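Structures incoming, each one as structure tokens.
Both complexes below contain chain A, partnered by chain B and then by chain C.
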Partner chain A sequence: MDESRACDVVVVGAGLSGLRAARDLTAVGFEVVVLEARDRVGGRSWTDTTPGGHTYDRGGQWLGTNQPRTAALAAELGVTTFPTFGAGEAVEWRAGERSTYVGLIPTSDPNAAADGVEAILDLDLAALDVPVDAPWEAHGAADLDGQTLATWLAEHVGASPARVMLDVAIKAIFGTGAEELSLLFALFYLHAGGGLSNLARTTGGAQAERFVGGSQQLAVGLAAPLGDRVVLGAPVHAITYGPSSVVVHTGGGAAAPLEIRARRAVLAMPPALSGRLAFDPPLPGRRDQLCMRMPMGSVTKVHAIYDEPFWRERGLNGQLVSDEGALSSTFDDSPSDGSDGALVGFVAGNDCRRYEAAGDKAREAAILDDLERAFGPDARCPRELVTQHWPAEPFTRGGPVAISVPGALSGFGPALREPVGPLHWAGTETATEWCGYLEGALQSGERVAAEVAESLGAQAAGEGL
Partner chain B sequence: MASAEEIADAYADWRARSNGNERLRKMVRGWNRIVHLHTTDTDESFTLSVLDQELSALTRGGVGQPDLIVTGSSEDFCDMFWGDLNPSEKYMSGEIKLAGSGEDVMRLDAISMVAFLDQ
Partner chain C sequence: MDESRACDVVVVGAGLSGLRAARDLTAVGFEVVVLEARDRVGGRSWTDTTPGGHTYDRGGQWLGTNQPRTAALAAELGVTTFPTFGAGEAVEWRAGERSTYVGLIPTSDPNAAADGVEAILDLDLAALDVPVDAPWEAHGAADLDGQTLATWLAEHVGASPARVMLDVAIKAIFGTGAEELSLLFALFYLHAGGGLSNLARTTGGAQAERFVGGSQQLAVGLAAPLGDRVVLGAPVHAITYGPSSVVVHTGGGAAAPLEIRARRAVLAMPPALSGRLAFDPPLPGRRDQLCMRMPMGSVTKVHAIYDEPFWRERGLNGQLVSDEGALSSTFDDSPSDGSDGALVGFVAGNDCRRYEAAGDKAREAAILDDLERAFGPDARCPRELVTQHWPAEPFTRGGPVAISVPGALSGFGPALREPVGPLHWAGTETATEWCGYLEGALQSGERVAAEVAESLGAQAAGEGL
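On to the complex of A and B.
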């Protein structure tokens, strides 16, 4: 017999969104239980230390400009931040040639660079016309959702050097290529994050700052006051629900199987994963089919750790955009205290899939080639090289974010946040500000907590009559 | 500090180059704006407009209802108009401020990327 507990709200998933919802609901007096499948909190926010003692983020790691919730939480928890290193030149590797540039746009081909800027502006202006709270209500939504971002790029940029560099940025941002992304979804996502130029930037943009000691501290700090309301090692596999009650079953993890009875459930996980749980009764078709149309991106995050950030002495800022090999982009990831040097990079989209098939050794060899080409021979010999292959993570199955394929948002969009009986949806994918980012996770947690509190308040008032 | 005359000279140069640059003209298509510039150190105001893909001459003083207000030091305006200073870094550090819509900020960002490609 499973251990049984009762509460007002059961939250499934102790990432930033679930923990934020749990905190807000606890603060207004609801009894909350948070079930987490893993043996840690944080979800896609995961800080680890290498055997050599280097602390790094396996998942989300940046604080962007204009991310007030994340900044406020960090300040509240005493987690300090520091600017992402950006002084000096970035490296562009394109068509087998290396060049360096200053600023956001690779300039080896000035005409292509200007073409790229024009395309970014056109996309960002179009994004402003897509309402972030209801992209499916955009003017011409069905038409925009009937094509991919690649279709748009083919029409506006063609097969040019500018396209190559835009593809690198898109892969890094979405974890997948433009050919998989609904244009409507891409425009929504750009609008929610302040535009493509903003999402691609370090200084003044999405990668502006880093957390001293890693981003997972935010989740740990949110979880601490919740105490034993957070149950680790408790994967949820089945959810039975009625009009205003829900029973959630866990099992197969480190914790003993649990049966949690609650008045509401918050499912704080990407849509694709929520669709894999066994619901009784089955989810409405529209919700389940939305889950089928929002796959996770494919990204392998790579950290190369050196004794010192030697590239800085060469006037390089550690950034790379490349159209060859495994790594399509890198950033300086050295710690703020100067104790060692590190580069973080991404193997994304089809590269991620290709190197998963080729195997860890082939991926590592390709990464070292990429690093050497960009930063010199000493880059080939990192003290440690760690890879985090997100598609293999059982309770995330990809990253950095879920995307929407053509037809998903226009056909199924409202099901993204619409509650199903007592079931409410959270996670950065449901955010309207900074969807896909830590900030979006926090915003979605706030939103779902308010939504649940209102529905329980209404129910309590109804029962009182 | 730069005088109003120095700013006007620099702007005249910028205007001639911008109006002759097909790429920049394309980027302001459909974007008609009255812009006020305000210097923080010399407390001067200037007005210019973008109309039908053309930059107007610079007028002393704040004339008309601005769509966009740019605030910065007189030196920075001068350096920017001579093409020596990419304003985006100053914008990010808060030394140059913009009051305008999201679209206006995106346009200016893109324009400065193209105008200062090598900076």
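On to the complex of A and C.
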């Protein structure tokens, strides 16, 4: 017989959204249990230390400008931040040639730079017309959702060098190419994060700051006061629910099988994963089919660790944009105390898939080639090289975020946040501000906690299990 | 303790593909167990009888011209077929006006008809260039896969009456609109089924014939000689596998929990559903992420049953194409013995989603309006009206078929059939002939059986569990 517990709200997933919801609900007096499949909290926020002692983030790692919830949480928890290193020139590798540039836009081809900037401005302007809380109500939503971002780019920049530059940014942001992204979804996402230029930027943008000691401290800090309300090693596989009650079953993890009875459940995970749980009764068609239409992006995150950030002495800021090889982009990832030097890079979209098929050795060889090409021969010999292949990660299965494929938002959009009986939906994918970012996770946790508290408040006192 | 059984091959799913594989493997001497979640065989082939005694197919129901496997199986099992009724005029409802026409193409607007035919010919011609066994190797595959069919249509026929006509056909064929379909996938699908005109056609096409007594008899006939090798009420939820062994776990169904050990497993279900099982070790990223990118179409199948096929006397063949209301298309579905009259219709794509949200009553009211508009006031009063809403069906979750979203085939295509260790993939979605049809299911069953037999033959004798 499984161990059985009862509470007001069971939260499935101890990422930032689930933990934030649990904290808010606990604060107003509800009994909460948080079930986490992994042996750690944080979800896509995951700080690790190499055998050589270098601490790094396997998942989300940046604090962007204008991310008030994340900044406030870090301040509250005493997690300090520091600016992402950006002084000096970035490297552009395009069509087999290396050049360097300053700022956001590679400039080896001035026409391409101008075309690229114009496309970014056009996209950012169009994004402002897409309501972040209901993209499906945008003017011309069906048309925007019936095409890919690649179609838009083909019309506006063609097969130009500007397209190459934009593709690098898109792959880095979404973990997949423009060919997979609904144009409506892409515009929503850009709007929610302040625009493409903002999302691609370090200084003043989404990659402005880093956390001393890593981003997972935010989740750990949220979880600590929750104490044994957070149960690790407890993968949920089945959920039975009625109009205002729910029973959640775990099993197959480190913890003994649990049966949690509650008045509400918060599913704090990407839609593709919540759709994989066994619901009784089955989810409504629209919710289930939405889950089928929000696949995870494909990204392998790479950390190359050196004794020192030697590129800085060469006037380089550690940033690379490349149209060849495995790594399409890199950033300086050295710790704030100067104890060593590090680069973080992304193998994204079709590159991520291609190098998974080719195998770990082929990927590592390509990465070293990429690093040498960009930063010089010593870049070929990192002290340590770590790869985090998110599509293989069992309880995330991709990254950095779920995308919406064409037709999904216009056909199913309202099902993204609409509760199903006692089931409420959280996760950065449900955010209307900074969807896909730590900030979005926190916003979704706040929103779902308020939603659940209101529905429980509306329920007659004394009613319940 | 679960009941434990051992065999050579465990087949998950007793639809036509799984049963065909089981039969072929049994025939060459392998011990097979087939696990089926439902209390019946057939999967998307499901024949039922109304309280009033009318027998009808809730799922796939037609035998197309040039579907040799299906025709041979029916003949072998003594299941007779008869031509779909097509004599007389079809009804077109467009822009609020009713007209009638003969043949495949609505003719109320001759220019639209000409434009529509030209688009169909262009698509069918382009489809011939997409290799059915490797669409990702088509010339320009990345470009074709980076856009939707809606983008192609917008370029080739604009927002014209021809587009309205094509949209009806596309919704009927795919269960979703052109806005969701990768152009590459759509071309592959058309090629695999002999072209759009073929797929839309009754006489000489995909809807040419019907089975006396319903299509499920094919599955029942395949299952009968397998005897207790087929276990009903046994939903699989977890699969553990090594290089050449697999353990499949069932539970939560009518049958007692089972643990089946085998040398190979055949997963005979749509990719979106196989991706929901708990695999240990987790599936490779590419396979898992492909499963996220092949959502099920959205279709509600409707049967309206009358005392007699009164429309025939009015010179109508029971076919409707409509741009308004719930039903976008209908066909005459009366039994061959003339015992009563019936129409079958489809609420597809966004209509299917919209009317799920509106509720059963609103959908039924819209359907009756549609029928009256098309076939006259007596069509408003069927003796019985049955709706089968496939997105809510737990072990299918949509229909008629899984589609591939933009980027899926070019990014992940080979993972569609590539075995993962001892795991092999079947189902009509893996077919290269008549993908999405009964014929495709049978072809995939044949293919996977040969694949498994070869891999087991190649394995050293005596090796095994």
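The working rule: the second predicted complex is superposed on the first by the 459 of 465 C-alpha atoms of A that agree within 3 Å, B and C clash if a C-alpha of one lies under 4 Å from a C-alpha of the other, contacts with A are read in each partner's own complex, and residues count from 1 in each chain.
Convention: a contact is a pair of C-beta atoms (placed from the backbone, for glycine too) under 8 Å apart; a residue touches a chain by one contact, two chains touch by 3 or more.
Bear in mind the structure is a predicted one, so any value in this text is a computation, not a measurement.
*Asks:* Touch check for A:Leu128: first (chain B), second (chain C), both, or neither?
*Replies:* A:Leu128: touches chain B, not chain C.
*Asks:* In the superposed arrangement, which partner chain does A:Glu180 touch: chain B (first), chain C (second), both, or neither?
*Replies:* Touch status of A:Glu180: second partner only.
*Asks:* Per the contact definition in the header, classify A:Arg286: touching chain B only (first), chain C only (second), both, or neither.
*Replies:* Second partner only, chain C.
*Asks:* Under the stated touch criterion, which partner chain does A:Pro83 make contact with: chain B (first), chain C (second), both, or neither?
*Replies:* Touch status of A:Pro83: no partner.
*Asks:* Touch check for A:Gly103: first (chain B), second (chain C), both, or neither?
*Replies:* A:Gly103 sits against chain B, while chain C stays out of touch.
*Asks:* Check the residue A:Gly421 against both partner chains and state whether it touches chain B (first), chain C (second), both, or neither.
*Replies:* In the superposition, A:Gly421 contacts neither chain B nor chain C.
*Asks:* For A:Pro406, decide between first (touching chain B), second (touching chain C), both and neither.
*Replies:* The answer is second: A:Pro406 touches chain C but not chain B.
*Asks:* Give the label of whichever partner, chain B or chain C, reaches more residues of chain A.
*Replies:* The larger set of chain A residues in touch belongs to C.
*Asks:* Okay, in this complex, where on chain C does chain A touch?
*Replies:* 142, 145-148, 150-151, 154, 176-180, 237-238, 252, 272, 275-276, 278, 282, 284-286, 288-289, 292-296, 298, 349-350, 352-353, 356-357, 389-392, 394, 397-398, 405-408, 410-412, 414
*Asks:* Can you tell me which positions in chain A touch chain B when the two form their complex?
*Replies:* 65, 102-105, 107, 110, 113-114, 117-118, 120-121, 124-125, 128, 194-195, 197, 203-204
*Asks:* For the complex, which residues does chain B have touching chain A?
*Replies:* For chain B paired with chain A, touching residues are 23, 26-27, 86, 88-89, 91-92, 102-103, 106-107, 109-110, 113-114, 116-119.
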